[in-house]
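Here subunit A shows up in two complexes: once beside subunit B, once beside subunit C.
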Partner chain A sequence: MKNRGTYLTKTVFSVIFIAITLVVWQIVALIVNDDFAVPSLLSVGADMLKIFYVPSFSIAYFSTLLRAFIGFALSFITGVLLAVVAKKFAFIKGLCVPLVSVIRLIPTMAIASLLCITLSPSVASVAVCFTVVMPYVYSSAQAMLESVGDELLEMAKVYGVPHGRVLSGIYLPTVKKPLVELLGTAFSFALKITVSSEVVTGALKSMGGLINTAQNVYLSPSLVVAVTVWVVVTGLFAELITHLVATLLDKRRRA
Partner chain B sequence: MKRLAVFLSIIICLILSVGCTGANSPSSLTLVCPDGAPAISAYALKDTKVNVTVYPSASATASIQKDIRNKSADVAILPVNLASKLCASGADYKMIGVLTHGNLYGVGKNVLDENGLKGKTVGVIQLNAVPGYTVKLMLEKMGLQYVENKEEKNADNVYLYQIPADATAVKTALDTSKADVCIVAQPMCDRLISAFSLIKSIDVQSLYGYFPQAVAVVKTSVLENRKSEVNEMIASLSGCDYTALNATELVNWINLHVADGEVSSLAPQALTVSALEGSNIRFSPAQNEKSAVLNYLTQLKRFDTELGTVAIAVGDTFFWSGV
Partner chain C sequence: MNIEGLKVKYKDKTVFENLCLKIENNEKVAIVGKSGEGKTSLIKALLKLVDFDGKVTNVPEFSVVFQEDRLVEELSVKENILLVCPDADVTNVLNKIGLLDSERTKVKNLSGGMKRRVAIARAMSKRCEMLVADEPFVGLDVATKAVVTERLKEFVADKGLLLVTHDLLQAYELCDRIIIIDGNGVVEDRKTSEFTVDMAIGRFIANS
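Presenting the complex of A and B:
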């Protein structure tokens, strides 16, 4: 009952936040009264619907989604594996600290500009996504693994509990929910980075390419915002799905 | 109290004097243009009172668009399709002339044989903008089919793909045979040829025909009320021999005028006589260019999509008849 109340409160707050954002946006648009500076909700909404039925938008949307998914999958697998190995071997953990720090510190746009010299814009976008998202996944996964109680692990070692049982009985219950939630946040992060790098690398059949063309050729800020809102909605949808799955897992565990 | 009054008076006098002698005094016209060939064309105004601002290529479209919509620029040099979209009615701005007349060239490692571009892979800067559209028009005129999906490439068509406007990227694409030819703009074309021993294999202007690339538009109120300054500006633009410029002085001058303290992408060593000749910069009055502009805009409109328009059809009011 308490949980249901919490979810209801969260939903209500989310709806209030979205409503406030939309109202503030429309008020600013009315004050500025220039669709080129701040596009109105109406023109953005109209463009969102208009592009939904345009085949070139579908191609761009799914191409970006595919790049983001490849970048996300590579980042997730590498990041989690690296965190597991780092947990097991202190030597690897020591090596990972400077490696991940350096990757995290390299300016994203510099990587994008460098990679698009030798790679195609599509591959460069995926590579940029990997360099940004992988350190994030690694850090999050490492924090999750660190949260597993040392006493329990020590006890399992003393009693000679097999590795499989340690994994399913100690690690999995602790990291299951945050790991599922990390899937959503990492994917929406990957999507954001992929679109940004598409803008820089000049990938044509992509959401980033659409943003470039809308901005520099069609001179349509409302189309730029419409494409951006579709990206945001997709990211939020991914986060919502994984949040629901995580909640279900949590409920099942409590039951 | 008296001291305070004197002190405040001095401050006010200082502010007023700075305001009156500043570069943005109301007597000077303001001109905005993108970096590259348009910035070179603006160099003709170095001895006039025109206050020039050069925008870096990446932000030029947005910045010039803003200046024209706010009517904060008296003069703007911009691509012809952008001018058609921003000043189609001719109510606020009119086109006074064409300044750059096409500067797209293909560079490669080998001379093209009699089959020319058939079956070749061509890298193009800004494939989804005016350079790309012009290359597509050129191929259509040559009777060649083009594709943009690698999977559809075959021996009878031309595969087009986008390359970054970056010398290293072009060199890498040619070295790795990713592209047979790369279409770039001057002065980058001559820079690539001299630095990497490449060959100029395509002249888009020769194969497609003449096209107006960048035009100058002037605020209608300025055309009506400040005729002597406009005439002086046009005289400077018309009288300049752009092939005889001192490259170092030119780049130094452009660097002084780039917005936000940035520097130009142009390098003196790239601005050889050949590069400046190939840039096709010269002032040609609006009335002489009317049919060429109308024809080119009509051709560009073929690339309009359901998502937006590339160019807008303009009427007589778009062209200024006073020159």
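Presenting the complex of A and C:
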């Protein structure tokens, strides 16, 4: 009952936050009264619908989604595996500290610019996504594994619990919910990075490419915002789905 | 079980210089002492959870109630027991300890006292030669403590017991022998029948 109340409160606050953001946006647009500087909600909404029916939009949308998914999948698998290995071997963990810090510090646009020299724009976008998202997944997965206390592992050792059961009975139940949540946040992050890198690499048939075209060819800020909002909505949808799955998993176990 | 010349070393502290103890099969022994005097260190050494110097031989098969509950919060009561003992008669052991209604409840939704009972039930589910119990009754109310004490007595009737406690009354009730230790080693080691409350209180006053 308490969980349901908390969930309801969170949902209500999210809706209120979105509503306030939209109202503020519209007020600012009305005050500025220049669609070129601050596009109004109406013009962005109209552009969103307009591009939705353009065939090249769906091609760009799904191409970007595919690139983001490949980058995300590679990052997720590598990041989680690396975190598991780092948990087991202290020297790997030691090696990962500077590596992850350095990768995290390199500006995304610099990575994109460097990679698009040697790689095709599509592959470069996936590679940029991997280099940025993988350290994020690694750090999150590592924090999850660290949340499994040594005391539980000592207990398992004393009771002679086999490794497989330690994994399925101690690690998995503890990290399952945050891991599923991480799937959503990592994917929306991957999508954001992929679109950003597509803008820099100039990948064809991409949401980043559409942003470039809207800005440089059509000189239409409302079209840029419309494409961006489609990206944001997709990321939010992914996060919402994984959040629901995580909550369902939690409830199923409790039942 | 023989403990000879035990010395437990931590980074900034050494507990015991030369602790020697012999515990017979099926003997019920209480280890009593002030906080920080090495009771839990002794248990950890026996369970090989800390580095130590000295010899520990003829170690029986242990089941353990840790000082902390050490339960997987995301698992149910039943799953926690099956995790360490897949062939346990969970219903029977939970019934004994008054937790049958909570069999499918996640541990994170239990009270502190209930968690303590789950930790005890888990230890009672495992076949062993000696039960090691580190402050097993912490967090239990008087009535529950009485029930759990009776169940523990039944459980260890044909086994050894190594009980770490501050509670001398519990030591009297459950054990044949009481050993008082301090950071250096054994201060007093007597059969419970030879051990008067006055002596115990005197020891504590002398040590404090």
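FYI, the second predicted complex is superposed on the first by the 255 of 255 C-alpha atoms of A that agree within 3 Å, B and C clash if a C-alpha of one lies under 4 Å from a C-alpha of the other, contacts with A are read in each partner's own complex, and residues count from 1 in each chain.
What we mean here is this: contacts are C-beta pairs under 8 Å (C-beta built on N, C-alpha and C of every residue); 3 or more make two chains touch, one makes a residue touch a chain.
Bear in mind the structure is a predicted one, so any value in this text is a computation, not a measurement.
Fit or clash for subunit B plus subunit C once both are placed on subunit A?
fit
Now for A:81: first (subunit B), second (subunit C), both, or neither, which partner does it touch?
Neither subunit B nor subunit C is touched by A:81.
For A:174, using the defined touch cut-off, is the partner it touches subunit B, subunit C, both, or neither? Pick first, second, both or neither.
Second partner only, subunit C.
Counting only touches as set out at the top, which of subunit B and subunit C does A:27 meet: first, second, both, neither?
Neither partner.
Taking the superposition on A as described, I'd like to know which of subunit B and subunit C A:154 touches: first, second, both or neither.
In the superposition, A:154 contacts subunit C only.
Between subunit B and subunit C, whom does A:116 touch in the aligned arrangement: first, second, both, or neither?
first
Just subunit B (first), just subunit C (second), both, or neither: which does A:165 touch?
second
Working from the superposed arrangement, determine the closest approach of subunit B to subunit C, counting only CA atoms, in whole Å.
51
Which subunit A residues come up in both lists, the one for subunit B and the one for subunit C?
Of subunit A, no residue contacts subunit B in one complex and subunit C in the other.
Show me the residue ranges of subunit A that touch subunit B in the complex, using the header's touch definition.
Where subunit A meets subunit B, its residues are 34, 36, 50-51, 54, 56-57, 113, 116-118, 120-121, 201-202, 204, 209-210, 212-220, 223.
Of all residues in subunit C, which touch subunit A in the complex?
Contacts found on subunit C: 47, 49, 62-64, 66, 68, 70, 72-76, 79, 83-86, 106, 109, 126.
Residue numbers of subunit B touching subunit A in their complex, please.
Counting only subunit B, the residues touching subunit A are 61-62, 65-66, 69, 81-82, 85-86, 127-129, 148, 161-162, 164, 166, 168-169, 172, 176, 305-310.
Which subunit A residues qualify as touching subunit C in the complex?
Against subunit C, subunit A makes touches at 151-152, 154-159, 161, 165, 169-170, 173-174, 176-177, 253-254.
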